[in-house]
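Structures for review follow.
Both complexes below contain subunit A, partnered by subunit B and then by subunit C.
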Partner chain A sequence: MINDFNYLKPGSVKEAFEMYAEHDDCKVICGGQSLLIVMRQGMVAPEYLLDIKGLDELRYIKYDEKDGLRIGATTTHREIEKSPIIQEKYPVLSLMETKLASIQTRNWGTIGGNLAHADPAGDPAPVLIALNANIKVGGKNGERTMPLEDFFKDYFETALEKGELVLEVHVPVPPAKTSVAYQKFNLLDSDMGIVAVAASITLNGDDTCKDARIVLGNAAPIPKRVKNAEELLKGKKFDEKLFEEVGRISYEESEPVADIHASEEHRRHLLSVLTKRMIKKAWEQARAVA
Partner chain B sequence: MEKRALKLSVNGQEYEVFIHPKTLLVEVIRDHLGFTGTKRGCETVSCGACTVLVNGASVKSCSVLAVQVEGMEVTTVEGLEQDGKLSPIQKAFLDNGSYQCGFCTPGMLMSATAFLKENEGREVTEHEIREGIEGNICRCTGYNSIVRAIDAVAKGTYKEE
Partner chain C sequence: MDNLKVVGKKIPKIDAPLKATGAALYIQDVKIPGMLHGKILYSQYPHARIIKLDTSKAEKLPGVRAVVTAKDMPPNFRIGIMKDNPPLKSGKVLSIRDEIAAVAATTPEIAEEALSLIEVEYEELPGIFDPLEAMKEGAMLIHEEAKSNILKMPWRLICGDVEKAKQESAYIVEDTFSTQWVTHCCLGTSGCVAHFDMHNNLTMYSNTQIPSLAQNDFVEALNAFGLKNRRVRIIQAVIGGGFGSKLDTYAYEYIAILLALKTRKPVKIIFTREEEFFATSPRQCTITKISHGCDKDGRLTFRDVEMVLDNGAYTSWGATTPSVMMLPISSLYKVPNVRYIAKCVYTNNTYCQAMRGYGNPQATFAIESSLDQLAEKAGIDPLELRRINANEPGEITPQRFKITSCGMKECIEEVYKRLNWKEKRGKDNGRGVGMASLIHVGGGARVYKSDGCGTIIKMDDFGKVDVFTGASDIGQGSDTVIAQIVAEVIGIPIEDVNVINNDTDICPWDVGVHASRTTFVAGNAALGAARKIREQILEAAGKILDEDPADLDIKDGMVFSTKNKEKSTPLGKALRKIHYTLGGKMLMAEYFYDPANENFDKEFKGNLSVSYAYGAHGVEVEVDRETGKVKILNYVAAHDVGKAINPLLLEGQIYGGGLQGIGYALGEKMVYQNGRLMNGNFLDYKIPTAKDVPPIQPVIVETDEKDGPFGAKGIGEPGLVPTAPAIANAIYDAIGVRIKDLPITPEKILAALKAKDK
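Then we have the complex of A and B:
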């Protein structure tokens, strides 16, 4: 049963900032594809609900060859999935979206809402962190930008301060010879991942690894970078034995919990296998890009 | 908590309803306007029985606040018939026996309608059809007949006479 709340509908971002600052015990709704579920369960029962779904000034996908990609918070998952420029420049982002929940959810749910909800099993965060994305948040007292990996603090907790909204995701232009691969493990495509791994590999001209970013999804309270594994890859040549070793680090450093879908041991095993596969895939793709 | 007026269009007809802001789109459609073709299933954005089109895009009406569709065009299964005749996808469902208990059918029809519209004029694969109805669960395991029905319409079998 959803509680009786007072409904606030701002006409602009500026008005949203003011309304959010003025009301205590206020939750923000955008697509509501996650929020309405927890409200129906009674886990979230705010006095005020601030509806930013209609704020079209935050609904955009912009690309610039120097600046990279900027996606406004109220942009839907489906718009990201179908964007020709994202399909061309950031194919991993579009592919991730095709497996995010169902078409109906992607038609209504938004990227800003997904990130602000901060479910550790969410699909976009690991991919965006592997892509070195930043997030812009803001409120009445101004805006600030931070690396997306610093945005997540704990299960369903973020760096958003009181009165702040998610405004934009910024994905920089990837360095030369870089590719990102992402896969989640689940039984149905439209389910959340039991675990997921995103890996970004940047190669030197001689095919050795220049930089790597490995992010585990649903493996800890927040999307988890495996920095020891990344360090191990740097300067090395393509080597499946090395990837085994990197997978073992994912196994050891993850902190998954057991639930109805999989035990902790099973999750660690899946993470090690997916890490190995995603590094190999990203590496092979990186060889092919300019 | 105050009730408020909401204007929306359902199946081409303008309506104004007076609702609490917490009212879900499925509640407006079924309880306020009486379009009971749209089903309430899981109510957790999982099963797709409540699927309707909002401005042509499929959504799960159990998890959309009705106030968010202010001024928008909603299509329910009742809106599929054209001039008193079944739409091609409805005919195809009949001919292919694409239902058993029928509970998922209205949602399936709406997802199929959105899929066919999106892919109008191009050939679709069986895999694409299955992805097109990924958000709709049928527990009588009728997927094969549903896929056949969508495929038949996509291939032009039910072109308007």
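Then we have the complex of A and C:
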């Protein structure tokens, strides 16, 4: 049963910063699709809830051809999924959202809330890290920006300091001939991933690999880059045997844990298969883009 | 049968708008002035001795009105079919869901807090969680007073001579198959409100699917409480799904009764979703050893089945599912020699209940998987093997079932055709097809002394009808089907029929929603009552119109002469004339229908149902050899339903059953580890959602059952009976590995592929 709590509803980001600084034992709620579950289970029982979902200052999707994409923290998953500019410029983000839980959840849940929750099985983080995204956080004492992959520290732990909120996700303009592919493995269509892999491939003019980013979801306490595999790909040509090799690196470098849904070995195996497939898919897509 | 106006039409469920808009009132919505909220404290251990139980702190919490323990229950009061389950436990707890105390308080929050103030000390005891362990000589006894963990339920069916048939068979296969616990996942969780009047008569607001039998159970309970000769009234709220889970009465209901008696206030107990998972009774898991034989032409010679069922710590209807498993074991396809022996075994696990299919899915998984093995051994196409052995009308099966209408062959042909069987089979390219058939009761089932249902019809002054039926609607759509039948028979629009089905003070007796019997039995009862009232209308209208009643007909609410079209009157006007006259009368009729089926004899033989439902499911799958994931590309579900009273609802039953079966086959599993449920929530218990529905083609085969209302047979359960073996068989065709324990997970598939490659 959810505990009794005091409900704080700021009218502006500034007021949110102040309220958050003033109240100890305060959790931020921004959609509640993850928080309410753990509150209902009694795992989290804060004295205060600071509800920032209504802050329209943070609810935006902006795109600029030089600066890239900026998504405000209170933007819902559904808004990202349905955004024409995201569908055009970052289709992998929109596709990822179509498989993130149910429409009801996507209507409630927000990108800021999702990232701040820092569930290693979350869908957006691996895709955004593959897209080289940054995250802007801030509080009463100012704002700071960091690469998203540095934001995650441990299971459900982030770099947010006391009094800080997630404010914005920034996705730079991808280099030429770049494409990102993402897939999670699950048994039900929109379930959490047993594991997931996002891969970004940038090609040179001669179709060799210029750059690669491979991010594993639910494979470690935080979204996990497989940098050895990325290095191996650079300068190489399309080669399915190479992709097998890269998959093996994912198998070895991942640190999944067993649970009732899958053994550790099965998870590693799936990570190797999905890594191989996502590199191939991203590579093929990258050939087709300008 | 021609010119039907309402029956046979795709009419949306009458209650759909209420449910879609949130206007329907479920048990959660029931509020009575002064009502208290009850909460139950469950055991911390699956097997332990209670050393200390101190409720004094909880009693002192402001807002708490009563705290009860086993001491407050009548001594020796037990529930369940074996009377082995005290609603509140003392001394020893035998499973993780054992109820040891309960609280009634002014709010659910206070009740919850009070539970945390109850101090319990346990001495944890080693448990037995494996039925095979529990069966061993000298195993610790779960119930100390019993001599063995094997229940005294000697399930044993012998037809013909299996040993002799084994010697004479050209081909024989033998293997072992197992199934897991799955749960009903009703969206409406369990709950009740117990309310005594000042004379100690009890009203139970309930979502039971057996109001008449529950009434009987509660009368017994009141007797045990020393309240003799009291009335019990069951009022059902709108029920958010049953699937068999509400086929028994449960400890929480007796606890609510006790708390209501103690506080002299109405007491409401509503399960949380977590309670719904761990404290209700799932489908039993089974271990089935099966052997099949056939002659050189593929004709089945025998079927030999031994089964062990994990009964859990107490006994509900789950322990009687072997009685229904006998149906497919003895009579799915023509098989002259049959042996079936089943043992239900006490363990420290959760105890089991009825769930859609009532054992049939577990038995059919073993039978139909084994039949594919036999077909392979005999070198016969598995679909052809089933054609050769298919049941036929007029057959009397070894268990003495009298087969009347039977569309099994038509169903198999539909699968063959719509699945493109010949083209798709045996390609060894990661894609494959498989099939399985089913038999189920389709004309009631005499498992109780009566298989009856009563119906009362009354007409008002305006041509509208109230139908009082014993049949409960648990979401399956019986209120719509009954309204259709009554509207059709009388000759009025369906909007003029009001079905009342939720109050034992008003509605006649019915044995309950089980055995896919409601359309057949309650439909026949409604049909009988509607015919009687139609006769009364025509009789009275004959006098008004000065016509022979035999020449009158009713259509769209108008009574008219078939000979002289000018002679007519609106039904309402005729009714008012009949009513508002000296010596006038109101039109009412009643009918009690009890099908002419038989209880089993001592050998478990007899014609259990007056008709049998058949079907065949065919499925095309694609298996990802690298990940082990199974994708369903095409799913054909052909069902012999006699006659579709409402094809829309019927297809809904097939979709729903099929999807439930797909969950059973490919993913659903209650994970119990040492008696504790590890996945009691919708995040971790993987039930398919609307987005997971594969392309299902429901195919309705109509065989016009002579005893059915408008020719109909039952369809409530069959939709999930053959699903799992059809999928398992398709996977075998696709990748050459057979998974013999459900669910068929990617991990099992990969392990089997690895073993095969070695």
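The rule we apply is simple: the second predicted complex is superposed on the first by the 290 of 290 C-alpha atoms of A that agree within 3 Å, B and C clash if a C-alpha of one lies under 4 Å from a C-alpha of the other, contacts with A are read in each partner's own complex, and residues count from 1 in each chain.
FYI, contacts are C-beta pairs under 8 Å (C-beta built on N, C-alpha and C of every residue); 3 or more make two chains touch, one makes a residue touch a chain.
Note that the structure is a prediction, hence the values are computed from the model and not measured.
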| item | value |
| --- | --- |
| Three-chain arrangement built on subunit A, subunit B and subunit C clash or fit | clash |
| Comparing the two partners subunit B and subunit C, which touches a greater set of residues in subunit A | B |
| Subunit B versus subunit C as contact partner of A:214, first or second or both or neither | neither |
| Subunit B versus subunit C as contact partner of A:54, first or second or both or neither | first |
| Touched partner set for A:198, first subunit B, second subunit C, both or neither | neither |
| Contacts of A:190 with subunit B and subunit C, given as first, second, both or neither | both |
| Touched partner set for A:270, first subunit B, second subunit C, both or neither | second |
| Partner chain(s) touched by A:16 [first = subunit B, second = subunit C, both, neither] | neither |
| Partner chain(s) touched by A:96 [first = subunit B, second = subunit C, both, neither] | neither |
| Touched partner set for A:78, first subunit B, second subunit C, both or neither | first |
| Subunit B versus subunit C as contact partner of A:6, first or second or both or neither | first |
| Residues on subunit A lying within both footprints (that of subunit B and that of subunit C) | 37, 102, 189-190 |
| Subunit A to subunit C touching residues, read off their complex | 1, 37, 102, 185, 187-192, 260-263, 266, 269-270, 273 |
| Subunit A-touching residues of subunit C, taken from the complex the two chains share | 108-109, 112, 272, 626-627, 629, 666-667, 671, 678-679, 683-684, 686-689, 691-692, 745-747, 750 |
| Of all residues in subunit A, those that touch subunit B in their complex | 2-7, 9, 29, 32-33, 36-37, 40, 49, 51, 53-54, 78, 98, 101-105, 107-108, 189-190 |
| Touching residues on subunit B, where the partner in the complex is subunit A | 1-2, 4, 20-22, 24, 43-45, 48, 51, 54, 57-60, 63-65, 67-68, 70, 111, 114, 131-132, 134-136 |
